[in-house]
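We just call them A, B, C and D in the order they show up, numbering each chain from 1.
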Amino acid sequence: MIQLADVSYAYPDSGRFVLEHVDLRIEPGTITGVVGASGAGKTTLAKILSGFIPHVDGGQLSGSVVIGGRDLSGLPLAACVSQVGLVIQNPFNQISGARYTVRGELAFGMENLGTPRDEMASRVAEVAGLLRITDLLDRSPYELSGGQQQLVAIASMLVLRTPVLVMDEPTSQLDPVGTRMVFGVLSRLRGAGTTIVVFEHKPELLHAHADRLHVLAGRRIAASGSPGEILSDPRTDQWGVSATRYTRAARLAREQGLVPAEAPLPVSFEQAAAFFGWSARTRPPSPEDAR
Amino acid sequence: MSIAIEFVDLHFRYPGGVEAVRGVSLTVSAGERVAIVGENGAGKTTLVRHLNGILRPTSGTVLVGGASTRDRSIAQLAAQVGYIFQNPDEQLFASTIGADVEFGPRNLGCTPSEAAARAASALATVQLQDQAGLHPHHLSPSERKRVALAGVLAMQTPVVVLDEPTTGQDARGVEIVAGVVDSIAAQGRTVVAITHDMDFCAEHFDRVVVMADGLVQADGDTRAVFDQVGTLERAAVEPPQLLRLAAHLGWHARPLTPAEFVDASTREPRDLGTRVD
Amino acid sequence: MTRAQFVGTGSPVHRLNPVTKLVALLSILVIVFALPQWWVSAIVVVGVLLPAAVIARCGGPLIAVGGRILLPIVVVLVLVQGLTFPGGRTMVWQWGVLSVTAEGLLFALNVGARIVCLVLASVLLVLTTHPGDLMSALTEAGMSPKFSYIISSTLQLIPAFRSRADAILLAQQARGLAVPRNPLRRIGVMMPLLGPLVLGMFTDVEERGTAMEARGFGSTARRTALEAIPDSTAQRVARWVMPLVAVAAVVVPLVWEVL
Amino acid sequence: MSDQAPLDTRRSRNRLLVAAGAVIVVATYAYLVVAQPAGMADSGTTRAGLIAMAGYVIGAVLIAAGSIHQLPTTTIAMIPVAIAVNIVVGQLVAVLGLPVYLDSIGTVLVSVLAGPAAGVVTGILANVIWGLTLNPIPLPFAVVQVVIAVLAGTAARIGVFRRVYLPPVAGLVTGVAAAVVSAPISAFVFGGATGGGTGAIVGAFQAMGQSLLASTTLQGLLSDPLDKLITFTVVGILLAALPSRFLQRFPFAREHRVVTTAPLAPPPSPSE
C-alpha cells in the first residue's frame, strides 16, 4: 500500500510550492490513474512516489510518503528504487545508451543490481515477448522510432520487477494499437500483484483499465473516484482533463433536456452506445445501464 | 494575403534510398483547412516539408502562390509559409517569451515596434499574453508548444503548416490550438495540419487527406472521407469517436461534432437504436 | 568523423579479448617511443601492424583511414622540418632562399615513423574492436563502470545530437533566419542555434540522471554482465609478456648508456 | 559501502590519485621545458617524446580516475550530453564557417555547473571519444582539457560568471595556459605537425630562429586564447539567459552562487 499524508513540496530555491497538502492512498495490486492539466505537478508527484524527491532533486518536502509500511524519506535511494520503478516521460532519456543493442539496454539495470546472467537472459526474453519487441532485441535502441523507443523504455523498467511501477505518460509516442497493448500488459501485471500508478490523459484507456483516478489540480488532489465518476464529472474542463466525445455529446443532450438530468453520462464507446441507443427509443437510461 | 499551394506529381526519395512520397498531386485553395492523416511513416511530414523548402522534390513540382519553390531558400519561403515543428524546444532560445516570438517578424524585416505588436497579438491568440516577460522554460511543455505556435503566427504568413499541433497538449491546450486554426482560416489564410487526433480533425477541418505508403489514399470533404471505412482501415486510421458511434447505432447521419451528434439523435428513426446489446 | 568505425569481419584478431589488444597497443607505443629510431617503427608497422591488418581483413579501411589522418601530417612534417629545423646544418638541396637540411629530414623521418605507428596501431584497434566489447572487457578488468557508461553513451548520443542540431537550424531558417555571408556577422546567428541545443541539454541531463538512478546505476551491489568476454590462457600470458618487452625497451638502453 | 571508514579511505585514495596525476604532469612539463635535456631539440632520437607522452597520459589517467569516483550518478549522466554538445557545436561552427573551434563549450559548462572534477572527466573523455572515432591525434592532448576544466571551475567558484565582462578575461587566461601545456606534446610527439595550417605556422616561427618548443608554444598562443575567450563568453551569455530553475539543480552552482549573488528565495510555508 502507498500512502501520502499531507505532502507539500517546493523545488530548491524556488520560493513556492508545486504541491500542497496532498493526501493519497493507493491499494496494492491496482492500477491508479493520475490526471490533470499540463503543469499541474504530475511529474513532481511521480518523483515523490519514487523517492527521487527529495533524495535527488532536493527541495522542501513535508508530510509523509509511506510505501509498503516504510517511509521513503528514511530509506536510501537504492532502497527506494528497488521498491518503486519509475518510467520517465521521454523515452529518449530513459534509454541509457550504455549498451549498443536493445537486449543489452534491457539488461543494463539488472547488471547494475548484480542479477545472475541466466536470470537476466530469461527476464529480457519474457518482457520483450510481452511488449512484442523481440524482433528489435539486436537493433540499436537509437535507430528505433519514438514509439519503439517508448516500448524499450517501459521494458527496461519491467525487467527489474519492482513491486510498484510509476509511469509518467508511458504511451505519449505510441499509436492507438501500441497504447492498447501497453495497457493490456499493465492489466496483466496488476493481475500478478504489481501496483501501478500511471500519469496519463487518454480517457478511454483510463476508463477501460484503471481501478481509480485522482485529479491533480490547483496544487492538490482535487477529486478522487472511479474512472466513470471522474471522467463524466462536470468539472473536467476546469481540471484540464479531457472528456471523451461520448461524454461531451451526452452532456449536451442532457443540457438540451433530451435525457433526464440524473442519467449518468457515458465515458466509453459501449456506454455511449447504450446511452444513445436508449435515448433514441425515448426511454431514459437507468443508472445500471451506464455502469 | 491568400495564396494557393499545389503539389504536382511529387516524388521524394531520402538519401538512404527510401521513397517516402511516391507521386502526390494535390491542390489546396486559399483559405482551406486541410488535415493530413495516416500512420507514422505514411509520408505526411515528408510531403509538407516541401512547402517551405526544407525538402526539395526528387521529381515533380511544388507551387506556393503559383510559383515553384525550386529557386527559393527556406528563409525566403518563410515569408509565405509558416511551419510549426513538433518539438518547440528545437527553436525557443530567447530569454523571454516575447523576444522569442518577435524573432520571426524581425527576420522578415519588421521594425522593432511592429514586431512587438505582432508578437503581442500572436501571444494573445494562444492565451499567453500575460507570460510574455517570462523565460520560455518557466512554462510547461504544452505551453511552450503554444509559444512556438505564436512565434510562427506572428510572421503572419498566408500559409500555416502545423505538424502534430495537439500532441502533448492538455484539454485546454487543444481548445486553444483549435481556436487558432479556426481564426487563421477565418482570415482567409490556408491551414495545413498533420494530426493523429481524429476527433480534433473532424471538428476543425473542412478537408481530410488520408496518406499511406507515400500516396494519397483518400481526399475530400471531412465527412465523406471519414465514411470510407475500408480505406481508413487500410491506412490504419480510426474514424472519430462520434462518427463511429453513429455508424454503430445504424444512423444515416455522420455527425462530426457533439452538437451535430445530439441534433442527429433527435432525427434518426427510433427503431434503429436497438442494435445495442 | 565521429562515429566509431568498427568493421566486423569476425576474424581471429576481432575475436581476441579487447584488453589483450589494448595492452598490445600500449606496449607498441612504449616501444616505438622508447627506441626512437625510425627503423624500429618501420619494423613494427611492417612486421606486426600490417600482418595483423591482413589477418583481420581490415587492410583496406586501415590504409584509407590511416592515410587520411597521416597524409597531411607527414607532408607538413617533412616540409616544415626539412626546411626550418633549428638544428639543421648539412645542406642537401638548395633553391633560392629555401634549403633542405639532412638533420631536418632525419628528424622528420624519426618523428614521422612514430606518428605513423601510433596512428595505424590505434586505428587498427578501433577497426577490429567494437567499443561496447572494449568497455565491457575493461570494466571486467577493474575499470569503473562510470567510464564505460560515459564512453558508450556518448558514442551513441552524438548522431542523435547531430540530428537535433540540424532540426534547430531548419526550425530557425523556417522562422526566416538567414546565414549572413560575412563571417563576423555569422557570430550573430550563433545564439538562436546554440540556445536551443544547450537548453535542451539541461532537460536531458535532469531526466537522464533520474532514469539512471531508477535503473540502479548508483547501486553498490557487485555488478554482473549479460555477455561473457572471450579469453584464453595464451592471451593471459601475452598480457604479461608484452608489457615486459616494453619495459625492457625502456630499461635496456638506459643500462647500456650507463655501462 | 554504508559505513563511514571505507568511504573515507576511498575519498583519500581519490585525492591521492588526483594529486599524483597533477605532480606527474607538472614534473613532466618542468623536465621538458625547464631542465631542457641536452641535445633534445637536435634530433628525433631522444626520449623527450616518450617522456612527454607517458607523463601526460599517465597523469591524465590518474586525474580522471581520481575525479570520476567523486561524482554522483546525476553528474555522470550529464557528461555524455556535454561531450555530445562539444562535438556537435564544434561541427555546427565549422559548417557555418566561423573562424573559431568552440569545441569545448560542454566541458566549460560542466565545470561551471558541476565543478572542476566533473569538467576534468568530461574533457579527458571527450578526447578519448575522438580517439575511438578514428582520430587518435587528440588523445595525447587530454591533459590540456584538465587545465581548461580546472580553470573554468575555479573561475566559476570565485564568481567570474556573475559579471558579463569577466568571462572573456578568464577565457583568455585559460587559453594561454592551454597553449603552454599543449606545446611539449605538439613539439616532441608530433614534431610540430598536428595539422596543415598549424604546422606551417610552427615552420614560420622556426624559420625566424625559434626552437621547436618555442615555436609550438607561440603557435598555440596565436589560436587558443581567442578560441577560449569566445567559448567562455558564449557560456557566460548562455548562463545569464538560463532560467534560475535550471541552475538550482546543480549543487556546485548552488553552493558557490556561480551565476548570481541574488539572495536565495526564502523557503515557503504551506498555506492554511
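Following the convention adopted for this analysis, contacts are C-beta pairs under 8 Å (C-beta built on N, C-alpha and C of every residue); 3 or more make two chains touch, one makes a residue touch a chain.
Every value quoted in this text rests on a predicted model; they were computed, and no experiment measured them.
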(message) Spelling it out: a chain qualifies if it touches subunit A and also touches subunit C; which chains qualify?
(response) B, D
(request) Per the contact rule at the top, check every chain pair and give me the one with the most C-beta pairs in contact. (result) C-D
(request) Would you kindly tell me how far, in whole Å, the mean C-alpha position of subunit D lies from that of subunit B? (result) 47
(message) Rounded to a whole Å, what is the gap between the Cα centroids of subunit C and subunit D?
(response) 18
(message) Nearest whole angstrom, what separates the Cα centre of subunit A from the Cα centre of subunit D?
(response) 43
(request) Two or more other chains in contact with one residue: find those residues in subunit A. (result) 56, 97
(message) I need the residues of subunit C touching at least two other chains; which ones are they?
(response) 131, 149, 153-155, 157, 160, 164, 191, 193-195, 199, 202, 204, 208-213, 217-218, 220
(request) Name the residues of subunit B that each touch 2 or more other chains. (result) 94, 137
(message) Is the chain-to-chain touch network here best called a line, a ring, a star, complete, or other?
(response) complete
(request) Please give the residue numbers of subunit C that touch subunit B in the complex, ascending. (result) 164, 167-168, 170-178, 191-196, 199-200, 202-203
(message) Residue numbers of subunit D touching subunit B in their complex, please.
(response) 240-243, 245-246
(message) So in the complex, the part of subunit A that touches subunit D is made up of which residues?
(response) 8, 10-17, 20-21, 56-58, 60, 62, 76, 97
(message) Quick check on the complex: what are the subunit B residues that touch subunit D?
(response) 94-95, 135, 137-138
(message) Quick check on the complex: what are the subunit B residues that touch subunit A?
(response) 39-41, 139-143, 167-174, 196, 199, 236, 238, 240-242, 244-245, 248-249, 258-259, 261-262, 265-266, 268, 270-276
